[in-house]
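You will see two complexes here that share subunit A, one where it goes with subunit B and one where it goes with subunit C.
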Partner chain A sequence: MRIRKALLLLLSILLLSSVSYAADRSGQEILDDLAFSNVLSGSGVAELNLITENARGQQRKYSVKVYLKSDDAGDRQFLEYLSPADVRGTKFLSLNLEGQEDQMWLYLPAIGRERRIASHMTGDSFMGTDFTYEEIGGNFARSGEYSAERLADEVEGGVTCYVLDLTALSDAALYERIRMWVWQTENVPVKVEFLNSAGVLQKTLTLSDFREVAGELVPHSVVMADNVKGTRTILEILSVSEEEISEDVFTVRYLRR
Partner chain B sequence: MGRWIKFVQHRPWLVIAVVFAITVGLASFLPRMEFDASIENMMPQDDPVLAELQDAVADFGSQDLFFIAIESDDVFRPATLQKIADLTAALEEVPAVKGVENPFNVQMVESSFFGIEIAPMAAEVPQTADEIEAFKARILASPYGGRLITADGRGAALMLDVEWDLEGNNREKVINEISSVVEGYIGPEEIHMVGDAYILHYTEQAMKRDLRNLVPIVVLVIATTLYFTFRSFLGVLVPLLTVGAALTWTVGLMIWYGIPVSMISMAMPVILVTLGIASGIHILNKYLETLGQGMSKESALQETFATITSPVLMAAFTTAAGFASLITAFVQPIKEFGVITAVGVMIAMTLSLSLIPAMLVLWKKPEVKQEKREAGVLNRFLKTLTQWTISRPAYITAIAVVIVLVFGFGATRITLESNIVNYFGANSPVKKGTMVIEEIFGGSMQISVVVDTGVEDGFKDPAMLEELIVIQDYLNSWDSINHATSLADVVRELNQALWEGDPEFYAVPETREGVAQQLLLFSMQGGSGLDSLVSYDYSRALVTAQMKTLDAKMLGETIAAVESYLAELYRDRSDISVKLVGTPKVMMRLMNRYVQTQISSLASSSVAVGLIVAALMKSVLLGILSLVPLFFTVLINFGLMGYAGLPLDAVTSIIAGVVIGLGVDYAIHYISRYRLERANGHQMEQALLNTGVSAGRGIFFNALALVIGFMVLVFSHFRAIAVFGFLISVTMVVSSFAALVVIPLLLQYFDRKKVQVERSM
Partner chain C sequence: MKRLMSSFTVLLLVMALALPALAFIPQGELNGGVSYEWNAEDKKLEHTSTRTGFRLVLEDYVDPAGKLHFSFKGWYDWKDKEGDLALDQLWFSGYMGDIDYSLGRQLINWGTADGFNPTSYFARMDANALFSGDMAGEPTWAGQATYYGQNFSLTAVAAPYFEPQKIDAEMKRLMPKTELPPHIPPGLVPDADAVFEAIEEVDKPKAFGKDTQWALRAETQLAGFDLQASYFTGYEPLPGMEMTIQMFPPNTSFEGEYRRQSFVGLAASGTIGSAGVWAEVAYGGPEPFAEADDVPGTMRIPLSINEKYLQAVVGGDYTFAVGTGLLAQIQYIYRGQGSLLMPYVMPEIDFEAGPIPSIEPGEIKPASYLYGRFAYDVNPDSTLDLVVIYGLEEKGGIIRPAYTYRFPNAVQAELSLVASFGKEENVFEPIPTTARLGVSYKF
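Right after this comes the complex of A and B.
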């Protein structure tokens, strides 16, 4: 259930917890301590604009509301399109419960019926955006997959950053090399560059507009640029909250509500 | 001119040094030579047909296809199926290959037990007889049956998505990588590469090979001719060095100005060498003749250039005017060829009048063997011909009228051609591959209809999607157009899948929301390919199809019919506009303009050449008169093309204008000699007889030299260039012969009518 995992991780970007700042750390320590890599457990709601942009700068803009719940029983997600008007009310339900078969359901209001969607996906793109499922979750640099070298500090996005040069340790890694700018005082990445084996810049992830949500720093603008295709995907966080979601939301019945 | 020759006689080394320095300077550009065979670059860059194509490329991506076709008696054999998969995997390893669509991995939208899925046609390569039967049934029932694999098992196709860099700089490298992969999989199946990029690559390679072959051949042929003409080292070397320098200057200048070698200008070196040699022969002949009269080297040179300069200048100007007339052409490379060759002719003339005398000054006085210029067969033939002509004007006129009628009728049967593939012979891999693709898969090039609603989200309107269906069904009704597809197919497939695969729901949803939500579903599910069917804001959509392009007549008729049908269909609609785009349309545009090129270049070269002759001879009548044998020649050329089925194409459409400039030399030569004879006090008949023999010899040898040179083009890899070489040789024979028959006839007629030709002198 990649969409489940992706949404889970998406929310984990949004709900970052900060880690204390230490003066003289190695690249590996910085990487291991990234506030980012922590996977959220619990539940929450986010409302966001999802903007895709083609190589000619033309945009398609959607706004969506995401409900998420993760606990011992398993993970469930619910996603609803708010705009544009012609897709308003389109909903996705994804359930990955312990001891049950993974399920994914779609509700198209124009048809007025829910349909089950096959769970395996073709293509790596997350919902037709420039993010892959791994990237949207922020687990593009799982510990142990990369060795980190610390380069000279730089100012990026107006803040002083550690600069990490990550080199893949195994073939399993998504990218041969990653360069990451980590905000020193907050321990969160503000920019990530993904390079292929030839050293060509493939994608650039930019995180900005950090705001405090429930005592934690959350980037409210997340931009992924595909430098090869010339396309971009922009996530604008409109609101984020950590709250308990009713089990009723994660039911097929609720799709038709 | 006398003073110039005296200067050269005093400072031969200076002249040689200057020529040498310029030659070396311009030769330094040669390594930067570029080749361009792109059909788009044949159009003026501001042409509306090209602009529409470029707009479509910007909105929907490349409109070119790149196929690899596997041809076999049964591609459904397990080994061949496995080969398709292996070849795909190997091709995906090529860095510039972004994707390979094959009969297994092509996406299908389906309704299954698990729900709606967008899944590959076959997850695994089918191997057992049952698996193969199931796969066969599945793909043949899908839109990809006939497109990626054929029901009769004769062919399977891989569609490559290749990342060409902006200027196509990686084309050579990528095609070489792809072809070396493909080669490893050939046999027993045949594997063909087809596509605009491959054709372009193959064409440019053939151009390079051609240049490497043709230039040495023409040099060898010319050197041999020179040796048999003069039987001396000097006679071979002096003209060859001069023409070599002229060619280097011309090509160097061309590269300096950033003009790439095109399929047309490829013929330029051979043409220039041939023309340059002709004037070199002329000069040397006169020099040797003068020396033979016992003159000293100095006075022989003076005498030679005093008499030769004016005809050499005149020939150069008229020839250059003929080539320069091509500037009125529509096709860019033809314009470039015309200008370059005109410049080259002027350069060759300049060098003939500077480098040749400088070399002759330094060369020791050649031994002049007294040639026995006995009457011979040629003289007897020329004499008889002239006698016959002037004694039987009515016969000649009657024969001429018959020829005009017969060849005029032939000219009406001329066909047009602008498919580069047809510029090659039937055994070339591009032609063979294209034929296979067109026969088995129904088309080798993409033709598209851009449908514009003018409003954002226009194609979320079900009524607009229905219009796409109307258009694609119409396109598919043509034999030469196949597999038309559009956004409407994606929407219909999705709708069917949403309704559990019920064929009744293979239809466009009834509401705008229904369409929008299904499109959202498609892109969310990871479905790809929407971008090549609809613009990002859903205002414009594309109906794309494969088209057969090898039959030019069918291509032209089909495109014209489709365009007028669509224009009529949407004439009164303000909410929708349609445009046909694609390489086939560019080809049709070019074809239609070849006729215009003929008329404009023929008219402008006739006017320019006529004026030059009129000015030099101070007689309008003679200006017009000198053109008559040429119109005759051009008509015979067109008639021949019509009867022999030789099409008017980018290369053959330059013949008419060029022939006027080249062939007028014979008329000039004849008329000048006749006026000299008359001035020497001969009566008309005697003057014509004398002219027929003396000028006739010169005309014969000049035409022979040009025919020998031009015939080298017959060795070209390009059928079109070979045909051009053949036809231009024929026109040289015809125009020289016509000058010897038609001109005396006309001179006689006007002389008798007391139009006092001699007084106008």
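Right after this comes the complex of A and C.
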């Protein structure tokens, strides 16, 4: 009986300290401590279904294989369409290297060669989806670009979340304001709302089905809704592995194979 | 030669079947379409074609470093009751250290411009490509190897088997026809159809040995631009033709030969701000016709260019922030060898010169064109596309609007229209207004 009382006391202390820790954290600390790794960030290979949905709810589904490498030298991305048949074999290479102009190539199997394409995609649509290139890489709220204010906690997607209200500190930020729901126990966002300067909700990002990949939680279902256009893009992760990708992959030579 | 190619085909097929590790999953396309032409004289719509076709592809990676590809295609026109079944591509590509290579019948498409590539020496395009929008060109039998260095690559191609450009109905239609006055005896004035008949009789270059076609290409990057320099020595895609006129008795005849030709080429592509840009140029030409002995009462008139010339393309594209994005592409095309539509220049004939008309060689004038393409995705399932070609010297051109709708499961339908425009009697004028509805299913 005495042991049971001691155990209850210990649990109460632990719980209180945990609540106290959660209550004490500032919005900026939560933002800085985000343990977020989107599926298309870091270095690795992923196979995914990419589903686009128009305002009438009509969907188009693509299967793609993506190789990624992101380090101090910059970001490299190699993407190959696996299905449907009308785009199968189309490949896309993007090099965003430090100190160099961004470069992109598109390989079209029907003509048997690559074409250089304009690299003005940052801030624009990623492969015709509702994601921008920065959003798909998870770089939508880089440290230093936003000030974070913490709002009252809420339950979102079945988990208790911190709620952050982010305000852009400079014009370089993609959005004027961002509202973010951060899973308290895992420090990962489960929902993000992007607002323009007038406070109008433009996009909503929902992340779920988190699974551990190489020690990090990676969402295996990612949905971006464009609230203005009424469109949605759904990413279903079929497989993902974090591994060092050879630089040879991110070359025109590999594109031609 | 055909027997040799057949043997090679069988050998590659046997190789493919003998590789148990390969798990070919058939891919390809089924398509069909109906075409109607507007008959301006009778003012009525005429059904010109109902065509079905297919392309079947078997392709798989071969461990540890290679790929095997086999595809064939065919079509049948239900109106004209004619069709074709042909090997499309059959190649093996492999990777050895710094070298990638491929052997077999393959598409070798060089250059940096979009569609009009003066340095694409091997991928022959027929006249119909302009109207169908399919600018990929034809595969050819060749061996190709590329060495990849640190910041450059070198490619060598040897094509031992010569395949000429196909003469299609569009090319025949576009050759100018000569209306004979009643007092002109038959056989004296050249006829365009006779040129095409004569082309069929011209001997093709032999396979292998000294008649092999070669090309070299070096690629690198400079200041963010992709650069290519190339050299080609091979044969004209269509034979050089000459007309011989005999006065007594009056007669004309055509002779031709596939002349050896060589080109040097440069190509570049990159971006300037938010626009994609490219430039491509090739200079060269065929060996001139051999000098013939003067025979009294006869005259030889070349119908093909007989000197070196320049081809160039400069272009760019930009996506305007209109709705889902409006892609606009503009290209300037310069052809020192003359018109895009007519490979031969017929002689100039003056029927009023006397009882026997005066015939002078036609002048081959450089031609230049503006090519514009605009594409807009109305929604994720449908695209509006507009292609315009305008001949700056010919003062005419064609316009090709198209609407594509993509159904689920890789089924798509395209409704297109081709129409000519410009001043009277420009070279594009014989092109009738044509509407086509096509459906394709890819698997």
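Quick note on the criterion: the second predicted complex is superposed on the first by the 200 of 257 C-alpha atoms of A that agree within 3 Å, B and C clash if a C-alpha of one lies under 4 Å from a C-alpha of the other, contacts with A are read in each partner's own complex, and residues count from 1 in each chain.
Note that in this section a residue touches a chain if its C-beta (ideal position, glycine included) is under 8 Å from a C-beta of that chain, and two chains touch if they have at least 3 such contacts.
Bear in mind the structure is a predicted one, so any value in this text is a computation, not a measurement.
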Query raised in the report: Does subunit B (first) or subunit C (second) touch A:211, or do both, or does neither?
Result: neither
Report task. For A:106, decide between first (touching subunit B), second (touching subunit C), both and neither. Result -> first
Query raised in the report: First (subunit B), second (subunit C), both or neither: which does A:257 touch?
Result: second
**Report entry** Which of subunit B and subunit C A:54 touches, first, second, both or neither
**Finding:** both
Query - Those residues of subunit A which subunit B touches in one complex and subunit C touches in the other - result: 54, 58, 60, 84, 86, 110-111, 115-120, 125, 128
**Report entry** Complex interface listing, subunit B residues touching subunit A
**Finding:** 58, 107, 112, 114-120, 457, 460, 498, 509, 511-518, 520-521, 523-528, 531, 535-537
Report task. Could you pull out which subunit A residues touch subunit B in their complex? Result -> 54, 56, 58-60, 62, 81, 84, 86-87, 90, 92, 104, 106, 108-111, 115-125, 127-128
Query raised in the report: Which of the residues in subunit A come into contact with subunit C in the complex?
Result: 52, 54, 58, 60, 84-86, 88, 100-101, 103, 110-113, 115-120, 125, 128, 251-253, 256-257
Query raised in the report: For subunit C, which residues are in contact with subunit A within the complex?
Result: 27, 29, 67, 93, 95, 100, 106-112, 114, 123, 135-137, 146, 148, 153, 224, 226, 269-271, 273-276, 278, 317-319, 325, 377, 379-381, 406, 408-410, 412, 442-443
